[in-house]
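Take this structure first; my questions come after.
Just so it is clear, A, B and C label the chains in written order, and each chain counts residues from 1 on its own.
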């Protein structure tokens, strides 16, 4: 009982996702298909990489992840299968797998074996003609080496990293979820290593926050709350309200952590 | 072959729903997962309760309903399993199960047994860390009493009920569907008991309606139509048009049924 | 292991789709359900017919397609099962199956046998009360002739066809996908037969295009690109941008192919 998990920027209005599922079931009628998201912003490889990173560890061993966020479809960009200890990833080699750890990667295959493709291969929909059939065959247990030659590296994107400048930790909002919560690129580790047990102040837009909360409810009075959320990163939010809209903050908005000289 | 039906306010842009499914399949690879809706208005427990009520009776016996509309996540609100003659419901105890009938409820369990949780339990995503794993174990046949102690009551919300005032039946719009149809809180029973076979006039916004239609087509001339729809409640709609937009009526808009003194 | 593929205009906010799935699993717990799309524009039968046409050939033999775009629900419109060599289609007889080829159709059944309906049949939700149970029984292998008498014809819609006028091939945009790509009604065959190897110019809004591209990347300089896309029709697009928005072109916008008198 294998699983294919889909992550695309195809949206749900068109039939792109449905057609890919048709192709997959045609090849492997027994597989289960899970939608991770199809609402990645069009062509936004960074967003896809981020959501994939925070999703895949929750899936059972053997899951095949099929990622089609592919602005370079039809160009010279390569397509790859990446095998880790537990999972298989099928994707265009455009950086969408940037968060996979070197140490976890067992093998990288460049997908070239046209035997597994739907013919004729269109110029614009490799999700249907290449990626879906390859993922389906993998989910049936086809060996990864059958799909093409091994290769050494995959594309890596750079992501904005928090930095220390003028004694402040400077990060930014990298994702806004459907509730309007602002997810920053500052994870718990980086935060704790910076403040070293001292008092601190978080400044983002016009908001100032001087503690880390342990639940949304601490924002009941209407003040912005900072919390280490399910993405393991510092989130800024308003209790039962849309922080992005009300604080006028968005992806790329800067966040500053200032530390006092006194112990907290 | 068991089924878990999901109802959340997580939307489909983020990976919240996909991750919950990963967690579920991790524990029970054989289960089927059905999406009831993930587009409940953020934190709107009333809406979730209403949609659940009009959905669950259509599912096969043994279905586990997993409802995560949970503005109180991380607070002191409890989590419960409710067992009825036919179904199991897993949810935060915040009123989202208000429509379950006392007489149908066999048992209520407060979820406390951390053995079934994903560790560490986050402060912000109990859907992933508590509710999904509990539902998955239930779907595998784990006994409900394993998850915690029995309890007597669940939270009940109050919903606006139609009332008779000055010889008029006064109700309100409680839901607007994707077609712009206005679903009111007046069900067929209440309506018939009020008009008692007399002539009547329905007044909502600027619209006046003097009969109950038996199909949308009766609105072909462009006039508003009143019909007892699939929710079993009085719906006001425009044929092939968006009544909410064109009549400028919304959730909470009042509706009045006036009865004539003559027989219809 | 049978499959039911769903195509509706129900959207994903309400519980309509979820309830239909409940009904289906109630009858056939073993079936797989695939969402083709639920975001067909409300009541837009032409759009549903077009998306169905470009989807169904990718599904495995035996798939049951369940199409509920049904503005005439509750009226005198008929409901049908159409059996082709490979597939079964269940739908209101309103033209949504217009693209099925006469030569592929083996049998048409008018759905009348109320034994298979959910009772009482509502006036407004035949998707739940008629179409879902019929599709579920079909997916279990129930014989098509059980559902009602045979009939000879199904409704056919007319679709805008490209025409030659004043020595120009005149087509129009029939679909805009989520990326803003403009899909026209000019397919590759019609195009090639018109230009007969001559030089040509494509005119759409203010854009002029003088070649057919073989990948999106050819639009890197920001100019509009014409390509035969995954729908096999001429698509006009902007590389990594929204052609519909930026060129101010929409469904029904005209497209002209002008041919030079010299060979290309």
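Points to keep in mind about this one:
The criterion applied here is as follows: contacts are C-beta pairs under 8 Å (C-beta built on N, C-alpha and C of every residue); 3 or more make two chains touch, one makes a residue touch a chain.
Keep in mind that what you see is a predicted model, and the values were worked out from it rather than measured.
Viewed as a network of touching protein chains, the structure reduces to a complete graph with every chain in contact with every other. Taking shared numbers over all numbers used, the chain B to chain C interface scores under half, which places it in the different class. Between the CA-based centres of chain B and chain C the separation comes to 32 Å, rounded to the whole angstrom.
Among the residues of chain A, those in touch with two or more other chains are 12.
Within the complex formed with chain B, the chain A residues making contact are 1, 3, 5, 7, 12, 32, 34-39, 51, 54-56, 58-60, 63, 177-179, 214-217, 227-230, 235, 240, 242. By the touch criterion given at the top, residues 10-19, 21-23, 25-26, 29-30, 33, 42-43, 71-75, 122-125, 128 of chain C touch chain B in their complex.
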